[in-house]
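Report on the following structure.
Each chain gets a letter, A, B and C, in the order it is written, and its residues are counted from 1.
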Amino acid sequence: MSNYTEGILILLMINGIAAMGVSLLTGFTGIFTLGHAAYLAIGSYTTAILTLDYGLHWLPAVLLGGTLAMIIGYLVGLPTLKLMGDYYAIASIGLAESIRLIIENWQSVTNGARGIPGIDTFTTLPTTALFFVVMAYGAFCLINSRIGRAFKACRDDHVAASLLGFNTPRYRVLSLSISAFYVGIAGGLYAGFISFIQPVMFDMLKSTEMTSVVVFGGLGSMSGALLGTTIITLVTELFRPISQYRMLIYGLVLVLVMVFRPEGLLGRHEVGPALFRQLIGRHPAPQREERGPH
Amino acid sequence: MNASDNAVLSLSRVNKFFGGVHAVAEMTFSVEKGGLTGLIGPNGAGKTTIFNLVTGVYPIDSGEILFKGGSLVGRKSHDIIHLGIARTFQNLRLFHRSTVLENVMTACQHHHRYSFFEALSHLGRWKKEEKVISAKSLELLERVGLADRAYQAAGTLPYGYQRRLEIARALALEPELLLLDEPAAGMNPEEVQALNGLISDIHRDFSLTILVIEHHMDLVMEICPHIVCMNFGAKIAEGGPEEIQNHPEVLKAYLGEEVVDE
Amino acid sequence: MGTFIQQIINGLSLGSVYALIAVGYSLVYSILLFSNFAHGGFLVIGGYICYYTLNLMGANIWLAGFAALIGAGFCAVLTERLAYKPIRERTSVTLYLLIASMGMSIVIENLFVIIAGGRFRALPPVIPTAPVDLFGLATTSAFDLLSLAAAVVFLGGLQLFLTRTKWGLAIRAAAYDLRVAGLMGVNVGRLISIVFFVAGLLAAVGGIFLSVRYTLYPQLGAITIKAFVAAVIGGLGSLPGAVVGSLILGLAEMLTAGFLSSQLRDLVVFSLLVITLIVRPSGLFGKDIKEKV
């Protein structure tokens, strides 16, 4: 396998891990985020600093990066997710900008805007694949469990959810914490992949991109998120020459998907035998939805 | 009427204002353990608001609400549900795009918990508990006559079935007190008749206490031995069906309005 | 002392520009209950229309300003019709509107990147920026005083519109409950268009003053983040809250810049957001919106 192909595969899997994190929050719990680049930044900077300045092995460093992202997510979620409405969406922008500003100004630790070069390239294909498989397994298990059902209840009707005995703010915070952990891990692996990180990589465009791929793939579908990120990552690679149109296309995709197919590519379907049966028109697959009365 | 020792739910002098509107005024009544009580009144009388106050959707402005002797005032909705109260909704709040079965499982899972890490890994108790949850949910669907529709999206059910699904979902919470908010709304006479039977059956088989809001007078008169009638947020009459039917205040409240809204 | 008064005036001036933006954003939020992230785009549209009108048709700020306000208003209505109307007619899920608005924001920004290029443009000197001596107490610029005055005029006009006109009353009713307003015979489609027109118009006023202050570029709309933060501090959906929140932010920014360091300005803004969310999460004027059950 050529270095180039290997690189693309690693990138696909890293983006996939991040997309699963966003999907859990936005797709399965119904909370829109515009600041997930912050958790990516926390993961990569923690990993970079721990490995370079403290000589820690990369594995605990990546895991600590994910954990720190999770803790920050929890702390951000506590006040904002108690409220309905768009409080989290706005707070997430604020959070992402603040974290970027802190990284940019905390020269002594983060090396400021110039970034951190020379990170050990520990993110090899087998490593990434192992992380990806384990985390994908966890994500798919989670959505098919009591916790997944609670998330979906919060998403579909938070009033009904609380009158079915769910402490909805608690589940929203849980969802955000797990989501931040996934994205933090992706950040750590990313640092070990490109070996050079800079605050500007984690700006609002990155946040928007992370959410866009999930919306594109399908809100409420884990495999949709993976499909969305695969397509967008590959298209981005292919269209590098016309990169000035990239953001315009992202924007248009978001609007057009919302107007014509708000469920995204896969809707709430997961890729699997059930979807296949439905595609070939055999008996209506169990657990699949049709449009409600309104 | 004083809250007797036998009361599961009792409201005393409950008040609720929405802006300048006195939505619930000095409401006092109680629901006997094992009873099947009807709550009736013209549109806008404040019946659903009573349910919302009991289940903590809105805070009350004054008064006291007791459930099995403990106060519900100031408690959050999800706590109240775990104390043993379940409800349905006038405007149906199903998870439309989830399957019928999944709707019931979402409520059923409270009584069959497993840890977060078991959920994340599908190891340990996950398999066993999920099996129990889905089996119990199917059983409940069987009870309300929806077992053969378990795998279709809840939103695609005919209206009358959606009401039955809400009842199954509420039962899955294993409540002691079940609050039904206009379970017969939008149903035709045969469906209402079938629903009558269902409510009486579950009342008996699950040894439930039921408080039902209804617009169909005939349904209430037929199945509820105890009826509370309210208008403009206040109680105007209470008693057995005969008593209510001949109560001058009740007649006045319903006069000029269609008694049967079909 | 002189610096202090000067920074207060600058802060109020900046805050009042935020207020113009935050009020429009809050107005839309109060009716449709979603954050219109494309709001910053309206501001940029206003700025560019003003810039091109000034350059092509001669330096008449009144004409250019008028064109910018009307143009941005129409673009806001167009955005609503193209991107939001099909969504809100089909579903009540506000998340979809939120995502579409994010998309529109990116589209508008990048259209200008492609059409006008990414470079910074200075508006012709049509708004006086000469220093003004304030009774010997402090020196400030005519620009700051003008933008403060313009904000007061437009916010006053909005207040009159909302309290004295038929549509204004209808908008206030709709902010209470859009569905009920519809049932009472209000033409909801037209009402929403009017709300977007007003929001776009106010954003354009802000856009013109911001492009004089910071020059004009496609990403100028990103500054609406501050207006969103102001709206959260004031309480989402509350118009007085949006104004008060904006003034607080403007003052905080200018006092930080004057007495600490201008690098810390943005950090102070976001710290205020965090403090609000921890201490009083529904904002200063926030009402707890309860859904009808």
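Operating definition for what follows: a residue touches a chain if its C-beta (ideal position, glycine included) is under 8 Å from a C-beta of that chain, and two chains touch if they have at least 3 such contacts.
Predicted model, so just to flag it, every value in this text is computed and none were measured.
Peer 1: In contact with subunit B and with subunit C at once: which chains are those? Just list them.
Peer 2: A
Peer 1: Quick one: most central chain, C-alpha centroids?
Peer 2: Per-chain C-alpha centroids compared to the overall one single out A.
Peer 1: Tell me which chain's centre, taken as the mean of its C-alpha atoms, is farthest from subunit A.
Peer 2: Following the centroid criterion, the farthest chain would be B.
Peer 1: Using mean C-alpha positions as chain centres, tell me how far subunit B is from subunit C in Å, no decimals.
Peer 2: 46
Peer 1: Between subunit A and subunit B, tell me the centre distance in angstrom, where each centre is the average of that chain's C-alpha atoms.
Peer 2: 40
Peer 1: Once you find the CA centre of subunit A and the CA centre of subunit C, what distance in Å lies between them?
Peer 2: Once rounded, the distance between the two centres reads 30 Å.
Peer 1: Check each residue of subunit A and list the ones that touch at least two other chains.
Peer 2: 159, 163, 294
Peer 1: Would you please write down the residue numbers of subunit B that are in contact with two or more other chains?
Peer 2: Only 57, 89, 93 qualify.
Peer 1: Would you give the residues of subunit C that are in contact with at least 2 other chains, written as numbers and ranges?
Peer 2: 293 - these are the residues of subunit C that touch more than one other chain.
Peer 1: If you look only at subunit A, which of its residues touch subunit C in the complex?
Peer 2: 26, 30, 32, 34, 79-80, 82-87, 89-91, 93-95, 97-98, 101-102, 105, 159, 163, 204, 208, 211-212, 215, 219, 244-245, 247-248, 250-259, 262, 294
Peer 1: Quick one: which bits of subunit A touch subunit B in the complex? Just the residue numbers, please.
Peer 2: Listed in rising order, the residues of subunit A that touch subunit B are 137-138, 141-142, 144-150, 152-153, 156-157, 159-160, 162-168, 268, 284, 286-294.
Peer 1: Hey, which residues of subunit C end up touching subunit A in the complex?
Peer 2: Subunit C residues touching subunit A: 29, 33-35, 37, 83, 86-87, 90-100, 102-107, 109-111, 113-114, 222, 225, 228-229, 231-232, 236-237, 263, 266-267, 269-271, 273-274, 277-278, 281-282, 289, 291, 293.
Peer 1: Considering the complex alone, what residue numbers of subunit B touch subunit A?
Peer 2: 55, 57, 76-78, 81-82, 87, 89, 93-99, 102, 105-107, 109-110, 112-114, 116, 118-122, 126, 129-130, 133, 151-156, 169, 173
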